[in-house]
Amino acid sequence: MLNEMEMKAIIEGLLFISGEEGIDEKQIADVLEIDIVMVKELLSNLIEQYRSETRGMQIVELAGVYQLTTKQEHAPYFKRLINSPNSATLSQAALETLAIVAYKQPITRAEIEEIRGVKSERPIQSLVSKVLVKEVGRVEGTGRAILYGTTNDFLDHFGLKSLRELPPLPEKEDDTALEEADLFFQRLQENLVEN
Amino acid sequence: MLNEMEMKAIIEGLLFISGEEGIDEKQIADVLEIDIVMVKELLSNLIEQYRSETRGMQIVELAGVYQLTTKQEHAPYFKRLINSPNSATLSQAALETLAIVAYKQPITRAEIEEIRGVKSERPIQSLVSKVLVKEVGRVEGTGRAILYGTTNDFLDHFGLKSLRELPPLPEKEDDTALEEADLFFQRLQENLVEN
Amino acid sequence: MDIYNVKLDAFEGPLDLLLHLITKAEVDIYDIPLAKITDQYMNYIHTMQILELDVASEYLVMAATLLAIKSKMLLPKQEEELFNDEHDFVEEEDPREELMNRLIEYRRYKGAAETLKEKEKERGLIYSRTPSDLSPYVEEVKQEPQKINASIYDMIDAFNQLLKRKQQKIPRKTKINREDFPIEKRMEEIIEQLNQMNGKTSFYQLFHYQERGQLIVTFLAVLELMKAQKIICKQNNNFSDISVCRWEEETFVK
């Protein structure tokens, strides 16, 4: 039986070889032949250790997997050596389209275009080719339009653990007031019908 | 001025992102804006630290180039990772190679290696052993290098009727913005010349 | 009006342009002064045509919509009221309502896109490494076809990672050139150049760099500065040289 120190070292090695693909708790559990609860404990232990020491790397959870990455504050030093991975950032058109897909998935191209008010074939194609968006199904019935959704790369690209971590969509402001009025009317009508 | 701890952390990060290519003393000195003597000292310090702690990685030096690698004694765990039914059975290397074979077949090992930029004997073997890729012929002339192509199992596995059903490959970069800028320039210059 | 505010591709479509006009005019999105906004919108379309830019059909459809709403709002109210007398409860529908709803909806996603952009920027500051080649650890005994946990998208994804990896290879010194010429720096230089020349210069003079990449960076910097309302571009008539001025109040007083 391995001791805790050794298991943490192996987890570190696993994180290292997995690189930007990352590794999930289940995979670690399989390799070490221990249960998930224990994996969680060792991981949080290791994450804490990385945090408390002056280290060049950190362990982050991205798109449901754990990854070893460099630290934000060291970015200026790496920029001198390497081209930034995200130096080719997304165009405004792509970002808008992606935001719509992220919050309304699954969604068709026509629905995206209705919201944006412009043709969106190109940004969708560009997002698909960057594997940030993918086909997730088809609308039933005639036409069978493609339904789009976001990928795991999308989560990774924006540093999100999961879709639940998406920041809330901006409110429609006065909407609540309108909804309440609607609700009131609805109730009123129901009452009138009943009587 | 950075203190020693911080400089070591940055060196650790540099080793981490340099991957298999590694990094030399001169590059580190340039990034940190310190002299080589100091770099040597910090490096030997960091190597010692890695040695004394139970870690998942080690720093190795080869011909003046430093590299962060996993430890030999952890190899059995990496084997388990790749053979565990739960993990993505195909490694990144194998998937890349498979994509190249699928889209560029028939193709030789040398051509695959040129695209990937790394030796690819192992991933090819692994794909052959999984019956996803097979020898489909030989290049004529001296050497008679093996030509690889995909198998029927490959089509079955990915739910394709034929190779023509393969989705389009991602593009290299989104050049739309640049193209549009070019177009604008062209028009602008035409206009200016006219007057 | 002889000042053409060149905005070009700074907008993502008619809704984006309308939102910009509404924000700039500091008016309430729930009570859009339609006559004013329509005029500004038409003026913009006109400018695009003068610059011989393709005006996408969506912009023209929106122009037609705006004009239709405008004329509907000019209909004499009294006549309608005559007919509506017996339907006191029927609320007068604002012809602007549908447009307003679309603008509000679009604005939400534009906001979300902003947030995503921030997150993208933050994420861009952390680096990982290419996964190690695990194939040395593969046990090469299996000859039988086996179940494989990978989809066609995993394969495309892997190829995509390969492209990314090739793009971010550690540069061999010379590759740094592009980094030496960021848009932000060029934007500062343009402002600096304007300051030295009493706030006005010729558009053409900004493009004294030779290399294509530099030309494009300059052009993008000009667009960014216009969008940020730091500069304004003027063209007195068709095909004459465009002058670039610092954005100042007096620019409009003239």
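All chains are identified by letter, namely A, B and C, in their written order; residue positions are counted from 1 within each chain.
Here, a contact is a pair of C-beta atoms (placed from the backbone, for glycine too) under 8 Å apart; a residue touches a chain by one contact, two chains touch by 3 or more.
Computed from a predicted model, the values in this text were never measured in an experiment.
Q: Quick check on this structure: which chain has its C-alpha centroid closest to the centroid of all protein C-alpha atoms?
A: A
Q: If you average the Cα atoms per chain, which one ends up farthest from chain C?
A: B
Q: What is the distance in Å between the mean C-alpha positions of chain B and chain C?
A: 34
Q: In whole angstrom, how far does the Cα centroid of chain A sit from the Cα centroid of chain C?
A: One centre to the other, that is 24 Å.
Q: Mind pulling the chain C residues that touch 2 or more other chains?
A: Expected reply: 127-132, 134, 156-157, 160-161, 167, 169-170.
Q: Considering chain B alone, which of its residues make contact with at least two other chains?
A: 13, 16-18, 23, 70, 78, 81, 86-88, 92, 170, 173, 177
Q: Chain A touches which residues of chain C in the complex?
A: 12-16, 30, 56, 58, 62, 102, 104-113, 115-117, 119-132, 134, 153, 156-157, 160-161, 164, 167-171, 175, 179
Q: Using the touch definition from the top, list the residues of chain B that touch chain A in their complex.
A: Touch residues, chain B against chain A: 5-6, 8-18, 23, 27, 30-32, 54-57, 68, 70-71, 74, 77-78, 80-81, 84, 86-88, 92, 168, 170-171, 173-174, 176-177.
Q: Provide the residue numbers of chain C that touch chain B in the complex, in ascending order.
A: So the residues of chain C touching chain B come out as 8-9, 51-53, 127-152, 154-163, 165-167, 169-170, 204, 215-216, 219-220, 239-241.
Q: Across the complex, what residues on chain B touch chain C?
A: Against chain C, chain B makes touches at 13, 16-21, 23, 70, 75, 78-79, 81-83, 85-96, 98-100, 102-103, 115-118, 122-123, 125-126, 129-132, 153, 157-160, 166-167, 169-170, 172-173, 177-178, 180-182, 184-185, 187, 191-192, 194-195.
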